[in-house]
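Each of the next two complexes has chain A plus one more chain, namely chain B in the first and chain C in the second.
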Partner chain A sequence: MGGERLKIILSLTPPLLIIFTLFFGGIFYGFLQSLGYQPAIGKYEINFSAYYNVMFSERYAKLFWTGLGLNLWVSFASTFLAAVFALFGALAIRKTFFAKTICNFIYSLNLPMPHLVVAVGIIFVFSQSGLLARFASQIGLIGSPGDFPVLVKDKYGLGIILAYIWKEAAFFFIILMSVLQSLGENFEELAQSLGANRWQRFRYVILPLVMPNLFSASIIVFAFSFGAYEVPALLGVIYPQMLPVMAFEFFLNPDLNARSEGMALSIIIAIIVMILVVFYFWLTQAKIRKD
Partner chain B sequence: MNNNLKKINIYAIYLGAIILILPLIAFFINAFSFRWFYPQVIPKELSLQAWVRLKLIPKPGQRTFEGFIDLWASNPAVIKALLNSLSIGFLVTIVSIIIALPAARVLGLLNFRFKKLIIFIMVSPTILPPIAFVLGLNINFISWGFSGNYFGVCLVHLVPIMPYVVLTMTGIFANYNPDFEHQARTLGANKTRTFLLITLPAIAPGMVVAALFAFLVSWSQYLLTFLIGAGKVMTLPLLVFSTASSGNPALTAAISIIFIFPAILILFFTSKFVSGESGATSGFGKI
Partner chain C sequence: MSKLNIKNLIKSFPSMDRPAVNNVNLDIESGELVAFLGPSGCGKTTILKMITGLFQPDSGDIILDEQSLLKIPTEKRGVVMVFQNYLLFPYMNVNENVGFALKMKGVDKNIIDQKVKEMLELVKLPDIGLRKPKQLSGGQQQRVALARALISNPRILLLDEPLSNLDAHLRDEMRDLIVTIQQKLKVTTIFVTHDQEEAVLLADKIALIFDGELQNFTSPKNYYEKPKNIKAAKFFGGVNFINAKKHNDNLSTNIGTIHYKGENYTDLNEDNIITIRPENIKLSKNNDFNNNSFKGLIKSVIFSGTHTRYKIIVNDLELECSLQSVGLQDIKTDDTIYVHLPSDKIWAMNE
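So, the complex of A and B:
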């Protein structure tokens, strides 16, 4: 028995060591710095002034709260829309039709595509001189590029949302396809034979069955889009600015005092994501207990 | 009525597929056109200029075998970044598999106290955003001398990769029967032979998926490489980002095509294994 225990400890130590020193160590050190502890520039006191500055000081408060609002809007909108598109795509594509394999491949094509490339693709397609604007001008809808609506680098984060929809819809699609495949069509046929119409079959049969997987995938997508840097950095504007971009810019600021504020911001992002995940686990656990 | 609805359904799927593929089409037009001005939809002339400017294809007249070799040997920025991305990806993949193998075996086959807690700790980097740990880690790496070099970048790539590799391989070992190993041992095979002839073939398919996936995560890493590499370790995503920010569509498109090529290749090979139940799939959302 003792030998087995030693084996367990020895096997688990290397990956745990990496995660503890690099991941948790990084978070812990970032947290220390956010409290103002910066031995590199001779600051040893510990206080919450960086958090206060970021959230309530006249200089940053407006930037922070609009940024937080943008973060919530972008993450909610893109998660919800990507899930809806993927759900309809997955339901429609189950039937056999011409070129199904190709369509299937295209629908999952964005899955391995790096977010960075998707963001560049959104610029190419949706910018004011992009592919869509050119189509629109060919059919006489618009004259100059300025007539095309600003969809990329816009105040409302539309370009960022588009990029996340593009990318995450493929992710939802794959998950939904495998759930639907494992369910088969028996439930639906049964409901149909009992007289359920199209909408009732969707609302009372399919939706409850795919909901658990859809919901856990949504949490992953939401948490990711809330804390990711590349897409908002390429497709966002200076004001309002999403929090990860703001944190990164604070951090790169030559003024070393801004570094604490950047760390504080990144800790705030992490805390919000953590609250969300805990809430999710609590929700699913509560549901399991109820059932 | 029902038939009409079916037709609408199918047309909607085709429309969706066309919309989804638009960015890819735009990449190719941008990369192979010359002076593709608004409002042209189809470019007036095709050209390899972007590729010539990136020093990937020689100027007209020098496009012989030697021309290509000479050009690539002059070590242009894209080739350098490509080699860096490839070598970091390979190294990190191999190291992560070696580290994850014993851990995944223990987690998949044995039951012990705190197992759930340990799995939770292992997957925590997949939940929290990289910006939460990399800013603090950056300062530590500077004082440890890992900042701005190849080794530090490889080390930091292990953080997002480790959870997926451990998770995927734990799934493999959960469905693995170690009794075959006992049989091989009683028949006289030593530990190495047992591993090579019994264990490895059984876990190989799953391991390949984990490896391809680990490579892809490393391949598409921007923020971690940028911060820890401190501008001294250039990889493809960094090059795509800086070219895209400077706003030259042709060059950006050409580099992007090189950048996404392995991703599409990997999807092609793994599409059989990628499903909602696989641990690796959840990571695809984060690349």
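So, the complex of A and C:
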């Protein structure tokens, strides 16, 4: 019995050591830095002043709260719209038809694309010097490319939202297609024979059936878009700035004291995402208990 | 109470080298309980789906109470289908599942609640309204599915393999329930099955379908006593077939002349086939019979409890006979025996 236990402990030790050292070790050290502990520059005091500075100081408070607002808006809007596009795309092409394979391929194509490439693609297509602007100008819809609405590097994060929709819709699509295909059409056919029209079949049958998977995928996409740096860095404006970009700029600051603020901001981002994930698990567990 | 006429119905699928449904004609009377019987892939569910409107036929018509259904969308046909695997909505409780059709029609919630209660009482499950489908047994799920289908007073009720997912005990219970409810509500009902026994026990009439073609549409009794062709006879357990020719109001075969009393004699072709069920053949060690009696040799004897099965060779022809084991004569393999084919139990067919 004792030998068995020792065997289990010994076999678990190497992976646990790696996880604790690399992951929790990094987080712990980052957390310490956010509390002002930076031995490299002779700071050993532990306090919450970096958190206070980021959230409430005259210098950073406005940046932080508008950045948080933009973060929430971009993440909610892009997650919701990507899910909606993917859902309608999956519903449109789930049935067998002659071009289904091609449509499937096109829809899933941008899944392996790096976010950076997608962001550059958005600039090429949607910026005021991009393809759409030039085309609209060529066909006389607008006077010059400069008249094209500002969709990239705009204060509402539209370019960022477009990039995330473009990229994440493929992720939602893959998940939804597998769910819809495993469900088949029997539930809808049944609902139809029970008198449900097209809208009712969508509202009362398809949506509730795909919702658990859609919700799980949404949490992943939301958490990613809330904490990702490269797309907002490329497609965002200086003010308002999304929180991950703001955090990175703290790190780039030649004044090493600013690193504590950067770490505090990163920890805040992680805590917000964690709260949402915990809320999600609480919701699903409550539903399981109710069932 | 609705009358259904199916006229020259044809449906093909690109993946099949023959039509899935080939020129099917059926007239189903109001309040009848009809079985579509046939092996898997014979087209019976395809017909059901065309009646609901989930498939469109290539040609032909489906007429319900003198009105063609083809232009009417599924949700407005009043034809409700109960699927083989019940398909209760997993995210709804039993009450919500049963009330679904009325909710889709925008019926007042109080009326829905009242009707749901009535339906659950009808299927003898009055106290499970708040349960989720996964908390129900297979039999309970089937009953809830039935209640959900019946709540909107369908003009036609379609049941796709309604008993196939149930164990033997539940099957008997469910079968009785379906018959009771169908007789009470008088709803014209069609069910699909590949189980011959199920069709015989439940249906007023059976439509036998092979390879998309309707073989016969008649009462269960006729399938045993007066099958239309060899395929129908074999599907219902027929094993004895004798090639015959018309001869002086009787039938001539290679085991001798057979006296025939069937009312279809004039409709028979010159060359035809005689069939007789194993349980209708009589055996005797002495020749006790006046006609249709032939000398044969017992090839094998198989005791199967209540009945004993004999294989007899008569002039190179093998016949099978099944007799009740109780009070049986002592007949053994290689015994010489007289085989009697009672003229009122013989049936001759063209195909």
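Points to keep in mind about this one:
What we mean here is this: the second predicted complex is superposed on the first by the 273 of 291 C-alpha atoms of A that agree within 3 Å, B and C clash if a C-alpha of one lies under 4 Å from a C-alpha of the other, contacts with A are read in each partner's own complex, and residues count from 1 in each chain.
Keep this in mind: a contact is a pair of C-beta atoms (placed from the backbone, for glycine too) under 8 Å apart; a residue touches a chain by one contact, two chains touch by 3 or more.
These figures come from a predicted structure and were not determined experimentally.
After alignment on the shared chain A, the placement of chain B and chain C results in a side-by-side fit free of clashes. Judged by the touch definition given at the top, the superposed model places A:V54 against neither chain B nor chain C.
Once the two complexes are laid over each other on the shared chain, residue contacts for A:P208 go to chain C alone; chain B is not touched. Contact with neither chain B nor chain C is seen for A:V152 once the two complexes are overlaid on the shared chain.
Set side by side, chain B and chain C differ in how many residues of chain A they touch, and the one touching more is B. Judged by the touch definition given at the top, the superposed model places A:A191 against chain C, while chain B stays out of reach.
By the touch criterion defined above, A:Q200 lies against chain C but remains apart from chain B after alignment on the C-alpha atoms of chain A. The superposed arrangement places chain B and chain C with a least CA-CA distance of 9 Å.
Residue ranges of chain A in contact with chain B, taken from their complex: 4-5, 7-8, 10-12, 14-16, 18-20, 22-33, 40, 85, 88-89, 92-93, 95, 97-99, 102-103, 105-125, 129-135, 137-138, 145, 166-168, 170-171, 174-179, 213, 217, 220-221, 223-224, 226-230, 233-234, 244, 247-248, 251, 262-263, 266-267, 269-270, 273-274, 277. By the touch criterion given at the top, residues 49, 52-54, 74-77, 79-81, 83, 85, 87, 89-91, 100-101, 103-105, 132, 134, 148-149, 152, 158 of chain C touch chain A in their complex.
Against chain C, the residues of chain A that register as touching in their complex are 186-187, 189-197, 200, 204-205, 208-209, 291.
For chain B in complex with chain A, the touching residues are 6, 9-10, 12-14, 16-17, 20-27, 29-30, 38-41, 99-100, 102-103, 105-107, 110, 112, 118, 121-122, 124-140, 155-156, 158-159, 162-163, 166, 216, 219-220, 222-223, 237, 240-241, 244-245, 249, 252-253, 256, 259-260, 263-264, 266-267, 271, 274-277, 281-282, 284-287.
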